[in-house]
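Two complexes, one shared chain (chain A), two partners (chain B, chain C).
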Partner chain A sequence: MSSEQDHLKDTDTEARFEFKKEERSAVKSGKGLTEEVVNLISDDKDEPDWMRERRLRALRQYHAMPLPTDWPGQPDLTELDIEEIVPYIRPDVDKREGVDDWDELPDDIKDTFEQLGIPEAERKALSGVGAQYESEVVYQNMQEQWEEKGVIFMNMDQAVKEHPEIVKEHFMTTCVPPSDNKFAALHGAVWSGGSFVYVPEDVTVEMPVQAYFRMNSEGMGQFEHTLIVAEPGSEVHYIEGCSAPKYGKHNLHSGGVEVFVKEGAHVQYSTVQNWSKNTYNLNTKRAIVEADGTMEWVSGSMGSKATMLYPCSILKGRGATDTHITIAFAGEGQNIDTGAKVYHNAPDTKSTIESKSISKDGGRTNYRGLVHIADGAENSSTAVECDALMFDNESTSDTMPYMEIEESKVDVAHEATVGKIGDEDIFYLQSRGLDDDDAKKMIVAGFIEPITEELPIEYAVELNRLIELEMEGSLG
Partner chain B sequence: MARLELKNLHAKVAEGDEQILHGVDLEVNSGEIHALMGPNGSGKSTTSKIVAGHPAYEVTEGEVLIHLEEGEFGDEIDIPEDKRTWNLLELEPNERAALGVFLGFQYPAEIEGVTMTNFLRTALNAKIEEREELFEEGEGEDDEDEDDTPATSPMEGPADDGEIGVSEFQDLLREKMEQLDMDEKFAHRYLNAGFSGGEKKQNEVLQAAILEPSIAVLDEIDSGLDIDRLQDVSNGINSLRDDQGTGILQITHYQRILDYVEPDRVHIMLDGQVVKSGDASLAEQLEDKGYDWVREEVYETA
Partner chain C sequence: MSTQVHANLTPEQVRQISGDLEEPEWMLETRLEALEALEELDMPDVIRTPGRNWTNLHGLDFESLVDPLNAAEEKDQVGPDDVDVLPWAEALDEHEDLVREHFGSIVDPQENYLTALSTALFSTGTVIYVPEGVDAEDVTIRTEMHSRSLFNYTLVVTEDSSSVTILERQSTGTELDEEQYYSGIVEIAAGENSYVQYGSLQNLSEESYCFSAKRGETDTYATINWIEGNIGTKLTKTETSTLLSGDSSETQIVGAFFGHDDQHFDIDAKVWHRAEHTTADLVTRGVTDDTARSVYEGVQDVGRDAWDTSSYQRENTLMLSDESEADASPKLIINNHDTEASHSATVGQIDAEDLLYMTSRGVSPRLARNMLVEGFFVPVLEEVAVDELREDLEDLIQARLE
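Up next is the complex of A and B:
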């Protein structure tokens, strides 16, 4: 535990996540997925026709597609009744586009985000912050210095109206089309809120841009859409945090993330998610990377009943690079199925995947990965490393690294380790004065260090703290 | 002054019936160096692990005691008279560490992702905290006053009462590493990860120097060391005794290290018992004649 971590540890993370507020809704859709619900969302947002058409088309695709059921070791989705999920709740706030002055937020929402540490985070050198409550972004602020350079950071609904050309071109067209999978189709039909980030050519946004998503109501679905367009030579780091309190009914989170990394651009997308243990977390996240572009995915997946999440990079241009660093933690009754996908579709492309998972009390983690190197993608290289750490004999961890290599002039490396937390390691630390719990925490903190190292300190501390709480079994 | 006392210690492996120790008696005072010698399988390492509380062994008979004197841990901690003798077998490994027992491992664990600095500072602070708990007079109803207001800068961390802060600790670490002739870069490396055999041994001695135990049991700290490193490690051991007054139980196969770390007493272990003790010359005899003569002597007189 470094001193910074000690310092920030003092805030009570457990209390921060477990509180819930009374529901506040101005417009709440009915349950289930019908054209009526989709139209209600589109009407309520006063959307242009093209977006309404896209939603309805996605809805049709959704109904035509089967749920994934027969993947080996796949999380059980039978308890997820999408017809019972409320897909859209617009919180009752004065301004539809969200406010840019923190004090204008209603007290309970302000209080929610303050407990989650959002305004604090902003004070710590972020370029901009967005906060979504239920289905709508309620707060959005971008520092002026970035606005002056042409950087756009706004909520996705607003972007549909204010930047229709960019959105029309990129929104669920080439990157994540609704036909990709059932949850992408669902997302396309009922998406709401999320972030739009646009970075003009050769602009480097030195400080991270942050968005926070909070689901507060019981039995709801959150479907935020994030679209990041990084023009040639630009650079940006986007961070997303998510959480929800625990309710009796299941919640569903099915976000969509599309990242366009143009020539020589560099995008880092970091996420620390801590869903309640009854949330189904089924997302589609993908980046298209042009020549010499770099995409970095950093994710910590905590909480949820079941997670299926495989961030994907399509390395489309020569010399494109991808890095994946992911960590998953599964406790009792949880199945975290996560991994990475990379398509090497051009020569001289490079990918690195580092996946770490921790399971305890019968939790299950899977690494599910796919690396595809297309014929002609010569001199490409990929290195995959998966490490699983288990606390006990009841927990399980599977590694399913698929490799499809169609080109011979490539460099492919795969390495996997699975281990139980070693008794000798614990004894060693104990003999130096750490008690059993602290010894385990230290070993786990060391295990995830490659991830925390990549994150801004507040997030690193948060992630460590969350994992400590998970290990104590004190998060619901 | 502290005294470690093993009385008639019998032990077996926890999962099984194999009896390893058959009545070990030993006493080590702080400020003394004892060598514990014996052939492979005689129970030396088992003895050391039992002292530290390794869960793989079960004590079937006997005691492991530590006797402390007033002021053992400085002026800050008052040791009441009724808390000067502890049966280590009733305590967790970390509590034993807090009472001043240190085990130097023959094969220390490698912990990835945990820097030496972070680990050692955490260990030092954990020991101080545990010590306070052990000697607290049951008063102050379990006041875990979690300090909400960090008093110092974030870089310093919340230095609670008695805790050692980051920069203070770094000075201490630098000083000790210099004494052991260790490169400063070790402070930033992960605990034992990728260390050579010699570096690991040096690191064990460094840890003892930082944690300042009353009694250190060093399990074959000399194995796998080249001559230069053997001298460094030996110097480190000598200064543990000379500068900190640590009592040392040095487990070894060979006379070699005893040329540099001169023992006050030498004990020979055979088949799970200490069968013969003597001064430094006993080790020299072993070097010349091996263990057979001891065996003959012991079993003929028995």
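Up next is the complex of A and C:
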């Protein structure tokens, strides 16, 4: 094992995520969702009128749309009182656009990210890092070598001002319009922070870029927006991580992710989500993939009270490819409702979905997926595989795939299995000297390996570590 | 939101139907309550994804489809001597207590709008009673529909350690100029260690609509095996399901459908594991041609107390034309971890290599295609343990290919 792995393995993960800092806010909106709050955000950011207009329109759509309530087996959202959520907190840092040196951050914020291991990871393995604290990005850096090639990695608020033409065209227009669902509309109204990634034609960003989102205040909502535009033939791997300490009140995370994969481009989007167990995690993530483009979603959903998230790829051009790899782990009191959506809208498109879930101590996991093959999407193929592992009889695991096939020249396959940890497997490992807990950990590690091997080593180690902690029941 | 069909349905009509069958007061009450409930009830659940109902039952004009007092049919209800196979009126006469105990106990008359409509208005029915220890084969129910609408009800009760094989066929005798509506409810109460095989073949005219709910409940060690063939109608909404209530009970649901022209099949196969050591096996294969559309929903629901469950499901759809559509949603709902469950579903077209292989050996493309379609159904037909039903199904598939 490398020293990096040792370092990460030895880090006390629980302490890393669960610490709290004093709230620090320069501007804090009131609770609830009104035009005043939206205007306050827009004013505070000194936004152009077109963005303010988009926010206000999204707010109207938000109020007009119902909450999802009657999906079969969906998480209960009745305890979520959006009107009680504080949607905007700007931390009181000196530089609005974020600094590019960790040392310029106030000590407590710097500490926060030090404890989370972000600067360490940046030095070792990343092309660039953005770090968001509450509603704003406080740190942003991109290595020079990529900047010279025209790669842009900046926070979204800044991008609105510096690259209005690209943002205007792509921001919540064709990919995730606010009308898509209530939380997309909410996001459109109060979004703040997030990342803007632009990769010029034929540029390959060899090391991942990373954004880390941290919520520190009680009862807040975080609504970062991520917009990735990968021009033809380019390649980039974007990683996001997120966490928040646990408070008595509910927090809401409702991010929006839009990815544009142009012809022949390749984007990987990896998430390790470890929100605290009082956070509702209700996101909309979507990619539009042009001809011969490839979109890869890799997600680990560990935290949150309830998650509803179904990353979606729209395979728009001939030969576009999608891969979804997801893992969900639900412990006590958690309801992780996650899956994948793929629209095959062109011929020769291909998708594979691999989903693994683990439920334990009364946790509830659900795979909810939709594969749609449009009329005319000839020679499309999709393979969906879902495996669920259940630890005990208080837990629940559901699989709810939907397949809508309008084209005959296709190859569609779905498979799912559910099972408990095999007594024989445990017995085998015990007979080789492992105790019961270690045997279970080893079986789980093997179960999720297809996911972890897709992640950069830091994330893979971290995911493993988080799962171990979950299994010990030591994460709050 | 229910369709307001009851505007032209009256308690008097229900009284007349019940009176013609010389039903006891409790039965009339059940019917009148179902009629009254129509206003409150919704259509049966159909699969929805955002912005889309996969089957539109609200689009049907029940007000004009339902003609309660003019039901006409021809029916065979035959079985061996040691089994009671009785028309509804006779069954009430001979086995009133039995009927009262089981009627509506498995399919709630007020479960949804269409079950309530069926309960209020059914004018024909069969009760099959298999006494303890009797092994009966070949109970046959043949219903030929001659009227605008027909509501049919079937109750099967098997006592301990008995067995029975039942074949039910629905077809249209008189094709009217207008659209027709057939509704059938089947309830099976399988007693301890009894074995029920219920085969059904729906071959109604393609100008008709069909709603059917077939549901069985098992006692300890009991088995209910369903065979479900769907060939006819313009639109069919059907659910075949088993509630595994007894320890070590089993069920199998074998389905086959073949849609062409603009037929629409909405087919559900569901199993609820509610006891220990229960086993379920769901196998469905279907073909869609022309602009036909199939919607398949398979549910394996394992309850918290269903220890040591085994549950398997396979669904395969073959699409013969670009204009046809196939939707599938095989769902696993697992609340007990001591479960071995899996499901798989595929949708695809005829394998081009197979076709090439056959045509290269001199088989005409048309014949090759037909042979491959017939071959596609083989794994399901093999599961059909009743020779007569299997042969009928094969004939109907062949007829459709010609």
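Just a few scattered comments:
The rule is simple: the second predicted complex is superposed on the first by the 469 of 476 C-alpha atoms of A that agree within 3 Å, B and C clash if a C-alpha of one lies under 4 Å from a C-alpha of the other, contacts with A are read in each partner's own complex, and residues count from 1 in each chain.
The rule we apply is simple: a contact is a pair of C-beta atoms (placed from the backbone, for glycine too) under 8 Å apart; a residue touches a chain by one contact, two chains touch by 3 or more.
What you see is a predicted model; the values in this text were computed from it and never measured.
When both complexes are overlaid on chain A, chain B and chain C end up sitting side by side without clashing.
In the superposition on chain A, A:T399 makes contact with chain C only, not with chain B. Residue contacts after overlaying the shared chain place A:L434 against chain B, while chain C stays out of touching range. In the superposition on chain A, A:D425 contacts chain B only, with no contact to chain C. Look at A:M442: by the touch rule set out above, it reaches chain B but stays clear of chain C. In the superposition on chain A, A:D100 makes contact with neither chain B nor chain C.
Of all Cα pairs spanning chain B and chain C in the superposition, the closest are 14 Å apart. Comparing the two complexes, no residue of chain A contacts chain B in one case and chain C in the other. Of all the residues in chain A, the ones that touch chain C in their complex are 72-73, 181, 370, 375, 388, 390-393, 395-420. Put simply, chain C touches chain A in their complex at residues 47, 49-50, 52, 54, 304, 317, 319-349. Within the complex formed with chain A, the chain B residues making contact are 52-56, 92-94, 96-98, 102-103, 105, 108-109, 111-114, 118-119, 122-124, 126-127, 130, 146-148, 150, 154-158, 165-166, 190-191, 207, 211.
Residues 1-4, 6-8, 10, 422-425, 427-436, 438, 442-443, 445-450 of chain A are the ones touching chain B in the complex.
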